[in-house]
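Questions regarding the structure given below will be posed in turn.
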Amino acid sequence: MSFASGRHFLQIPGPTNVPDQVLRAMSAPTIDHRGPQFAAMVPPLLEALKPVFGTTGDVVLYPSSGTGAWEAALVNTLSPGDRVLCFETGHFATLWQAMARDLGLEVDFVPGDWRHPVDPAEVSARLTPETKAVLVVHNETSTGVTSDIAAVRRAMGDHPALLMVDTVSSLGSIDYRHDEWGVDVTVSCSQKGLMLPPGLGLTAVSAKALAASGGSRRSYWAWQPIIEANKRGAFPYTPPTNLLYGLREALHMLHSEGLPEVYARHARHAAATRAAVQGWGLELLCLDPSAYSNTLTAILVPGADHVREVILDRFDMSLGAGLGKVAGEVFRIGHLGHFNDLSLAGTLSGVQMGLQIAGVPVKDGVSAALSLLAEA
Amino acid sequence: MSFASGRHFLQIPGPTNVPDQVLRAMSAPTIDHRGPQFAAMVPPLLEALKPVFGTTGDVVLYPSSGTGAWEAALVNTLSPGDRVLCFETGHFATLWQAMARDLGLEVDFVPGDWRHPVDPAEVSARLTPETKAVLVVHNETSTGVTSDIAAVRRAMGDHPALLMVDTVSSLGSIDYRHDEWGVDVTVSCSQKGLMLPPGLGLTAVSAKALAASGGSRRSYWAWQPIIEANKRGAFPYTPPTNLLYGLREALHMLHSEGLPEVYARHARHAAATRAAVQGWGLELLCLDPSAYSNTLTAILVPGADHVREVILDRFDMSLGAGLGKVAGEVFRIGHLGHFNDLSLAGTLSGVQMGLQIAGVPVKDGVSAALSLLAEA
Amino acid sequence: MSFASGRHFLQIPGPTNVPDQVLRAMSAPTIDHRGPQFAAMVPPLLEALKPVFGTTGDVVLYPSSGTGAWEAALVNTLSPGDRVLCFETGHFATLWQAMARDLGLEVDFVPGDWRHPVDPAEVSARLTPETKAVLVVHNETSTGVTSDIAAVRRAMGDHPALLMVDTVSSLGSIDYRHDEWGVDVTVSCSQKGLMLPPGLGLTAVSAKALAASGGSRRSYWAWQPIIEANKRGAFPYTPPTNLLYGLREALHMLHSEGLPEVYARHARHAAATRAAVQGWGLELLCLDPSAYSNTLTAILVPGADHVREVILDRFDMSLGAGLGKVAGEVFRIGHLGHFNDLSLAGTLSGVQMGLQIAGVPVKDGVSAALSLLAEA
Amino acid sequence: MSFASGRHFLQIPGPTNVPDQVLRAMSAPTIDHRGPQFAAMVPPLLEALKPVFGTTGDVVLYPSSGTGAWEAALVNTLSPGDRVLCFETGHFATLWQAMARDLGLEVDFVPGDWRHPVDPAEVSARLTPETKAVLVVHNETSTGVTSDIAAVRRAMGDHPALLMVDTVSSLGSIDYRHDEWGVDVTVSCSQKGLMLPPGLGLTAVSAKALAASGGSRRSYWAWQPIIEANKRGAFPYTPPTNLLYGLREALHMLHSEGLPEVYARHARHAAATRAAVQGWGLELLCLDPSAYSNTLTAILVPGADHVREVILDRFDMSLGAGLGKVAGEVFRIGHLGHFNDLSLAGTLSGVQMGLQIAGVPVKDGVSAALSLLAEA
């Protein structure tokens, strides 16, 4: 597409469409991170962030991608040689356990078909006395499958292993309860439900995780100095000031809408998307209806990459590709973040037209989605 | 709607959705309007504007609304007591002739039903030897009816009256040819097809209009000093620098897409909208298919204002109200400016759902629109 | 200067340096000017504007330059053939009376040397029974001379003529009291003390002025329909929405600093500038110390335009040229709007270095300015 | 200062004043980092970055602070237990060697007085057969002392140790030649000479460093996957897209001015600052004139923190505090990045006035600075 009129539809499952007001907030001048204005900004910002994690404990921010926050989770709590239990729910679960190996951990990687959530029964079955941590992806960005974290935690019983959860594509979009569910480390990033550009890694840390203090070498990722500095509104390194401006605005937006309303909105949009998929007569990657993701939908279709190219070229919409072992077999629709009914209607319309143009014989699915949206 | 996630759908027939890049261009620092940097900006800006009017002659910009450019057209060319011929095609034609009366002109106002374009036969029939100017609205923003300017001009034959045309909601969206059609004064503004915020009035002026120099008192609106100053990159008053930054960017966008492509896009979106209306089983205000507007569609529906309120409240979309004598009887969908297929799909989806929620018994119209968009 | 690092110093007496936060406010998306969000914005905006004029009466905004507001003042209150009394205090007073003539008024233009304010004794002396209005420029942008409006009003005694005052380069920077001083029409614009880009004309109107309702032809500039529409948060034409966003932010800034503090700041900066001029051994254009302007300083120097060119080229600072009959003989330093001590220090440093580089034999004046600023 | 009119003077030695155009570039919508538009942006961006490092080899970017790039340098090339040679030139050299210890390296830390650069003779004297790397800070942000990297390299002779250099506060401001000087790893960040907000770590890597591939555990910081992905315009993690937009604009600005011109500007501003310090009769922290920094100046003064507070309060200017063992004894003026003569004049004026107000008996130093600036 040589020139595209109108606004691009960024319907990958992140980065999501950054709200104008967040971009404007981020374009304020950078200030002295050691001055009083900055120091006054930090504590309320962290307080506003905690309810999104469902915690009253510590949250830690880094200038990093989400993968940086993954690394932080591991090197702050574990020692090389420690065993961790991981579940192959999809591409990102696979990458996280590969990182764990790179960092010297021993990984028990429970195989999976990328179409089901973590099975709590498997969790109890696979735990060993040597297991130091269980790593679970809450919402698999590559598959659109959401695992039940509370059930995973229950399945761990009173095993002393830490529970670490990746909420990269769920935080701020799907109800999440770090404290209530007994999670030790929750990892996330800025560019999905938090509606920011990429560049910020976020972590909620339980007291137990903080006390674990594994033997891995660490400096940049060390939680303790950050938590200490944050108490006086500072950071042990130069913080990403303009992203923090954006975070402040994004949190203000989430709290203005109301977190329950935000979660309900995502649930409604996901249901409408699935109604469209059903109308099209296509198959969801996720095989477990109780695990359908509220933030993205992965759809099996032959020639999925061609469909995406047609849609990008004809309708200026970006969709997510199949990743890893489902590459070329699925495409993914992101319906999270700063989003509304009419943008979803435009998104689904574009997918439907693109499928038809690409020669996939689909019937009307948009009408079903609209019916559902109109009812709500 | 207490809080709205996602981007507002501004589907009134102007102001239109201002592109992000135009807003960013406008947020550059204001510069010295008497300095070399400003002087270098003006001539290429005016040159880039001329093809949009279809002229190689003079164009004049004001810090004003479009009504200011209306006034400029009249006071630069006519004298109090002069006769002008106007046609009641809708609300804005009615306002323009009312302005002409306020400015001391004698108006022959040909009545109309707001559902048809100007009839060229009426033009020739109504011209008198005293007629000094014919005033026509190219695209009636209140009705979605487009008049055939070339035919109007032909109908004037060799009558010496000036032809003045309001292109407020057509310029930059519908093919327009100031020179080729023999128009003397073309009036427009920034906030429609030019994709800018309101605040800029624009006029193309023929040599004949410039020579007319009527006896009306004028200062702010006087063309000659502006045209003279523009030649050296200046203005006789402090120009609206930041809107000019925006205009430069908007013109760059229009020319990047290509004016023929821009016009074709608008035609396609209008056709898709009418396909939806037909699907809904609703009636267009415009009764002449050859006069359907490419930039907006006015639809007759009982309780039109309630429908708009429902849509604003439930779907965060602004639609145009019925104005003047069709108040409460129609609503208007703007489909012009910075716009694309998926935004149109979202728009039509929102209208359909809103109609249903408001209790208007409509069938599916979106599918028909999508079929048309997918074919194109 | 092919490429300039750092921020341009825009030290002309307007447009002034627009604050970042105002530019950001203006880059919010344009909204429906007939919708509830817009309607809710207008009344508090007008209320916040009134104290800047020193009025509790009506204020009227236009998409226009300040010259548009000049025209509005005249055509709303006077009839062609009416006599008005004007004073040649400088370039803009000369332009305003020229506009009055263009609009058909009879002008008594009291000559002046551009170096003194309006003499109240002349006001009483020149008033005739036919005088319908007295037009005075509060702060002459071309000369840096401020006239005493209260004294002018007193000199008019109980003469029924309207008093109209141009506050283009004083409003929001120099204490001004429309009501207390008995002014009938106060004219201003956006791009000076109000810290906005150009594009907005502003007027405060007394009940007497409103009742005057002269016989001049008018439509765009007519106050009454605007005042009526404003009561319900609307405008009779499409308003310049994004400039109104900026105005809201700018007024918030002025009131946050406090109007008395804003006026004191301007007085202090003007005094420091004059201290520098004295240090340089140069001559002020203004000969009356009681009339020194707090917003700009005009300085007599041979080769003034060359000095300005050197300063623009070497130091990326724009200064005001001599206008009209002092063209080439003076340059003007604007020290108004969004400005502070260190920017003033940089400004005066640039002027001093530029004078020296241009070969004007000046001694150090910056030190004197800094002494004064440090004391304050 | 409850409310500050005018622009804040951010004269800490970083973050520096981010140019408006960089902030605007960064406020463009985030795009799909796996799409063609993103892929097309990356290679030219990296190419434009290389000359700033003085390299034709690999450069690697991270979403991180500069400390992240420090860590990357160490964990990519060294193994726990490796010996590194460090020099106590100031606070940041001290922090970097502390990080090296945290990461399991053995550090030979050559003590210093924070007032001199690295002594090349010490380099050769302290190298041992076990030394695996020499770590040097090019320009100590805490002291304003610049070390001679070429001389350090020469002093290493043909010792096989890697040379790693921190250019956090010199890159893009002081001439630097990674290839020519034989540096192996050059570490930097976004928020100083590159004129961006913080959030981006940058590294130039020699072929030798790349081949070293030490035994430290690493994942996030691993160079090889990044370099591989960059070749096809991608990153192995979600990159900080909006900071990359800003980097593109900032590099465009640096190359438009010309790197030699940028370096000369910084040298001139540093000389002018020292002229002011001499005028004030104060003492520089740096005792070696050949090592004066071109980007910041640290000044010894009793009550330095009080001076800074006065200046922040009265003149809305942020200066750098003394850090580490010179805390409270010095303050630092940053004169780097997007900066010009008049902003420097304002800065020095503010320092002078602040010193006087704080009761430090200083004479005029600004005049000397202005003389130097006017000559240039």
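Read from first to last, the chains carry the letters A, B, C and D; within each, the first residue is number 1.
Just so it is clear, a residue touches a chain if its C-beta (ideal position, glycine included) is under 8 Å from a C-beta of that chain, and two chains touch if they have at least 3 such contacts.
Heads up on the chains, UniProt names are A, B, C, D = Aminotransferase class V-fold PLP-dependent enzyme.
The model shown is predicted, which means the values in this text are computed figures rather than measured ones.
> Would you pick out the chains that touch chain C and also touch chain D?
Chains touching both chain C and chain D: A, B.
> Quick check: more C-beta contact pairs in A-D or A-B?
A-D
> What is the chain whose Cα centroid lies farthest from the Cα centroid of chain A?
Measuring from the centre of chain A, the most distant chain centre belongs to C.
> For chain B and chain D, what's the span in angstrom between their mean Cα positions?
Those two chain centres are 53 Å apart.
> So, what's the distance in Å between the C-alpha centres of chain D and chain A?
From the centre of chain A to the centre of chain D is 34 Å.
> Could you state the distance in Å from the CA-based centre of chain A to that of chain B?
Distance between chain centres, rounded to whole Å: 44 Å.
> Would you pick out the residues of chain D that each touch at least 2 other chains?
In chain D, residues 7, 17, 20, 24, 27-29 touch at least two other chains, as defined above.
> Which residues of chain D touch chain B once you look at their complex with the stated criterion?
20-21, 24, 27-29
> Would you mind writing out the residues of chain B in touch with chain A in their complex?
The contact residues of chain B facing chain A are 3-7, 9, 17, 19-20, 253, 256-258, 261-262, 265, 314-317, 338-347, 349-350, 352-353, 356-357, 364, 366-367, 370, 373-374.
> Help me check something: in the complex, which residues belonging to chain D touch chain A?
Per the stated touch rule, the residues are 7-8, 10, 12, 14-15, 17-18, 23-24, 26-36, 62-68, 70-71, 80, 99, 102-104, 189, 191, 197-199, 216-220, 222, 236-243, 312, 318, 321.
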